[in-house]
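Two complexes follow with chain A in common, the first pairing it with chain B and the second with chain C.
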Partner chain A sequence: MEMSGEQTILRPQAVTWSSITDPRVLKACIPGCESMDKVGDNEYELVMGAKVGPVSAKFKGKITLADVDAPHAYTLIFEGQGGVAGFAKGQANVRLLPDGETTRLQYTAKAMIGGKLAQVGSRLVDGVARKMAESFFSAFNEHVSGVKGEG
Partner chain B sequence: MYAFEYHRPSSIKEAASLARKLADAKLIAGGQSMVPALKLRLARPTAMIDLNDLPELRGISVVGTNVVIGALTRHAEVAASKDVLMTLPVLAKVAAGIGDHQVRNMGTLGGAIANNDPAADYPAALLGLGATVTTNKRDIPADKFFTGMYETALKPGEIIASVSFPMAKRAAYIKFRNPASRFALVGVFVSETAGNVRVAVTGAAPCVFRVKNMEKALASKFAPEAIARIRVPADNLNSDLHAGAEYRSHLITVLAQRAVEAALSGK
Partner chain C sequence: MNAPVIGTRVERKEDYRFLTGSGTYTDDVALPGQTCAYFLRSQHAHAKINRIDISKAKTAPGVIEVFTGADLPGSVGGLPCGWLITDVNGQPMKEPKHPLLAQGKVRYVGDHVAVVIAETLNQAKDACELIEVDYEVLPAVVNVADARKPGAAQVHDIAPDNTCYVWALGDKTAVDKAFAQAAHVTKLDFINNRLIPNAIEPRAAVASYSRGDDSYTLYVTSQNPHVARLLMTAFVLGLPEHKLRVIAPDVGGGFGSKIFLYAEETVLTWASKQVNRPIKWTAERSESFVSDAHGRDHLTSAELALDKNGGFLALRVHTTANMGAYLSTFASCIPTILYATLLAGQYTTPAIYCEVTAVFTNTAPVDAYRGAGRPEASYVIERLVSTAAREMKIPDADIRRRNFIKEFPYQTPVALCYDTGDYEATLTEALKLADVAGFEARRKEAAARGKLRGLGYSAYIEACGLAPSNVAGSLGARAGLFEAGEVRVHPTGKVTVFTGSHSHGQGHETTFAQVVADRLGLGVDDVDIVHGDTGRILFGMGTYGSRSIAVGGTAIVKALDKIVAKGKRIAAHLLEAPDADIEFKDGKFTVAGTDRQVPFAQVALSAYVPHHYPLDKLEPGLNESAVYDPTNFTFPAGSHICEVEVDPDTGATKIVNFTAVDDFGKTINPMIVEGQVHGGLAQGIGQALLEACVYDRETGQLLTGTYLDYAVPRADDLPSFKVTTRETPCTHNPLGVKGCGEAGAIGAPAAVINAIVDALAHLGIRDIEMPATPQRVWQALQSAKKERIAT
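This part shows the complex of A and B:
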């Protein structure tokens, strides 16, 4: 399933763009992110921990920024291996629409899991993905706007 | 199994201090969610704190107009309890419908609500009756206890002691269960307690929730037709391999009416 959301960022489009492509900002806002290192153009290696109920898994994976159309849109693609737990993949299409001195950030996201995670967690994947997307974008809004995100 | 520290405290105080000290530790009661996660290596805590040597967390008592159930009480004990069957039979029915025999013989009330699985039955009963959760630190009303998907108001080192359920004038729980797991695809709990009507839904969204507009309609007329046209929008409902959000939305209205009917007939 695809889920979507919107945040109003209290900064102009250019500032919002430079933040949402800044690995330090991404690292600070990705839930459970432990490290994030640049390995190529728009390519990062990351380690993140995810905790859902009794399950906790550590993912080692890659984040790629694709279809980059500065300062309007990009697609953030995540692929991670959780060892014996299985794997997770996800992507978020992000659009920034200027609105005076503020920016409307719109996103659609989807996620997939495989391996043992899918065996026990397939009924939960959309709920988890929705929560992670909401938590990432509201953390981003808080980080950039300096106020608690809404939406 | 892989190596982890195993603690078996003999007082709640000791359990709470261990839980505070060992940040990565997991509490275990009946183990019906925790042990499968351990076996699949989907959880690898460095320490487990087993609560099964805490008899003060166990037992069922009737206190005034409330039924108080210890956190470590098994589902099968609640289902068979004469006190529960006499004073709040709907709760025995909820417990009798959880999982399979093994889950009911091992699983506990405290474990089920601390885990807060989005499709678990007990959260609907707590929210649908307006129960109160008592921990080693404080009382938490059900309305504030279930905060999100697998999330509760419990703080690190906080341990559930018991749950106090108010007796209901009438109440019923109807679930549309997944035939394999017996989890609720959707479950609806309806109750009328001292002039207060509650409708709680589990299985349909990331977390149990109340349907306030159904409660209002039922408060003025406690009958199935009063809510026949009330739909919970599909927007924030679960879609998974078992059922889509639209279907779940439809099921809520159907099951809520059946629950009202069952509450009226006292079955």
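This part shows the complex of A and C:
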């Protein structure tokens, strides 16, 4: 499954870039994120809760920032284990385009689930993933711009 | 004169137990000190296991032991396959090891990685969460059509191109020649959709070990406990066979899925000695979806050659069959021996050639599911025949009649010899019962309401009564296929029968009691049937392939013959007459031509209180056993007619009428037979309209892992069936019986799809893939509409 979207961030590209690569900001904006610790260059360990239909799971996973092209673009790769509930993985390609004093944040993301999550939630996961992506980027916009983002 | 018992609707003796909640299922078994097992299953379709860390799980609360593949000793083998298929080049099929717990690799979602044994189930589950597995995910191959494509992921190193075997049956040259001379050729490509069995009781096992005598007891949801014991002891665990008792108590449905030896019960049996405590495992429904052996999953290309009058000249079939990730117990024989041999159907097609390629994929193993090969074969024939009829403008009934086999015995070009049948009779009766004469009027009436009506035929045949052991052996079976029965007459004349035919919904406790009551002149309640316990029963090959009454029932009859023969000698002594003068009828031994008689119960008593008894010639007691090996298969056959109404606005299909006229030979209990037919039809209609097991084609994740996504038929999906039987008795067993368990599931799919195609044919639609969901039908209607506009 793939999804994409765009947000206008009311901050210049450089400010937006430093925020979207800041683990504290990411932690605040990732829905259900309980902890996020840096374990290496561009590598973070994270614990987050998520619910897909009837299955609630706590994912322990890793976020890696790859193909970093400051201050224009990077790829965020996520891999998480939800115990018996299964696993989730995905990646988001984030691109920042300067637009005067604002920045256009474009993203395309894809997600994949496995195990019990896939068996019980395959028809629900598209909606869940889309909603999570939207709420992440909206929260990010709000965090950085100080205003509610526009989807 | 007693009222006849055979052929009457005796209410099922077992139902009191089941309806009052008094049954004993495997999960009801509670042994002192019992522990719980939970299996860690692969979440990936294909992955290398770099490392498994069980240290945290081992010290979790309540955990007794954690085992992975590395803990199994080298003496423990893989799960065996019971049927060797030899390929077209004379080479044996590829048999990759089927480990109990993954050895370095997982090959399907649900594959067994580790087992946790703990005091409670929740503790076992919690500890499972603590097992850390470092997987290196590999590309997966899922779809039967992708398995042999260049670059496809390889499931097993020893099976290049994921090929288990390429096998063929029939005379290819004769078939090619016939096609070259054909006036008409009908060709169709099909997918026979993959199904998940869904027995109402999930698989379960309780294993225990007795240190005192170094023996094991296993309670397990099995259709054939003796086979499970033999395979487990001799081929996997290397235990002495007599040290394992396997009990299959009440079992809530199997449909084939409980024939096979699975990893779970085998691991439990082994582990019960390691932990020296009983261990229970019961599958959760989600586990059943991923780990019960699935059914069907064929990709087929089939052609029928006809002469200008619609006479069948030849049939050519190429099938690729999905075996899943490993060979399950009987997987290899399902798309070959139980499929290609049935391709003559009810017809005199003189030349048939079938080539089957079996492939491995990263999916759950595929094996027998109600019908097992025969529904697939019947679907090929009956879809082709109806399509040919439409193309040649010959009515459905006529093209079938023109080609029916009318003389018996009939040797088909695909190895089987049909002993008897009357296909004309079942078709004629079905036409009448389905009111085919009134169909055009009903079609018009439906059209006036904007609905499309269609009528679909299916004249199926199946081979049951598996099987003459020597024939099966020559075809690759690694087991005999006889059945055992023992009749124990107690001193009061009451009877307990021990049969190797397990009952898990079939009603043997009633049907077999009727056979015994009829032979001995007793009441049905005077006879109890015991099954499902290797500790009590001589031997048994088990219940599958509609074989119970034909093979297990015959073994009991043979034992009854011995009881009657011995009884006559005892009676002769009591009546002071020569042995040869004694007749046995209606429960009485009589001196022929006189009124001197002695009842059965008195003979039984004499056998156990032998005061006046021919001790010089006869042993006391009245207990006889017999093992029956059939001389041929039995050939149940029938005609099914389905009438559907399709809503062109939504694509929804409603089955408005379903008629099944079946010939099962002699019927013992018509009520039970009807129940079997109803159940089979429900599953056949389920396959045609609703059920499809879907894996994600790239990742191998099972997408239909709950009843939200895997649709089994409900009562309101089904019409009130019209079913009846015609009887042409089987010629080679004493009861004249053929078997009725699978017929519905074999005949129904083609009847339903033929009916839908009939409803849509005027729009240019000639095929609909199963399951014919509203979406598929609607899309076919839209495509047909577009094509009509374009042309």
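We take it that the second predicted complex is superposed on the first by the 148 of 151 C-alpha atoms of A that agree within 3 Å, B and C clash if a C-alpha of one lies under 4 Å from a C-alpha of the other, contacts with A are read in each partner's own complex, and residues count from 1 in each chain.
FYI, contacts are C-beta pairs under 8 Å (C-beta built on N, C-alpha and C of every residue); 3 or more make two chains touch, one makes a residue touch a chain.
Nothing here was measured: the structure is a model prediction, and the numbers come from that model.
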Q) After superposition on the shared chain, which partner residues are touched by A:Phe87: those of chain B (first), chain C (second), both, or neither? A) second
Q. Is A:Val52 touching the first partner chain B, the second partner chain C, both, or neither of them?
A. first
Q.
With both complexes superposed on chain A, which partner does A:Ile113 reach: first (chain B), second (chain C), both or neither?
A. second
Q: Could you tell me if A:Ser122 is touching chain B, chain C, both of them or neither one (first, second, both, neither)?
A: both
Q. Is it chain B or chain C that touches the larger share of residues in chain A?
A. B
Q. Intersection of chain A residues contacting chain B with those contacting chain C?
A. 83-84, 116, 119-120, 122-123
Q: Mind listing the chain A positions that touch chain B in their complex?
A: 1, 52-57, 83-85, 116-117, 119-120, 122-128, 130-131
Q: Within their complex, state which residues of chain C touch chain A.
A: 41, 43-44, 109, 125, 128-129, 286, 289-290, 696, 699, 701-706, 708-709
Q | chain C-touching residues of chain A, taken from the complex the two chains share | A | 83-84, 86-87, 112-116, 118-120, 122-123
Q: Spell out the part of chain B that touches chain A in their complex, as residue ranges.
A: 26, 33-34, 36-37, 40-44, 115-119, 148-150, 206, 238-242
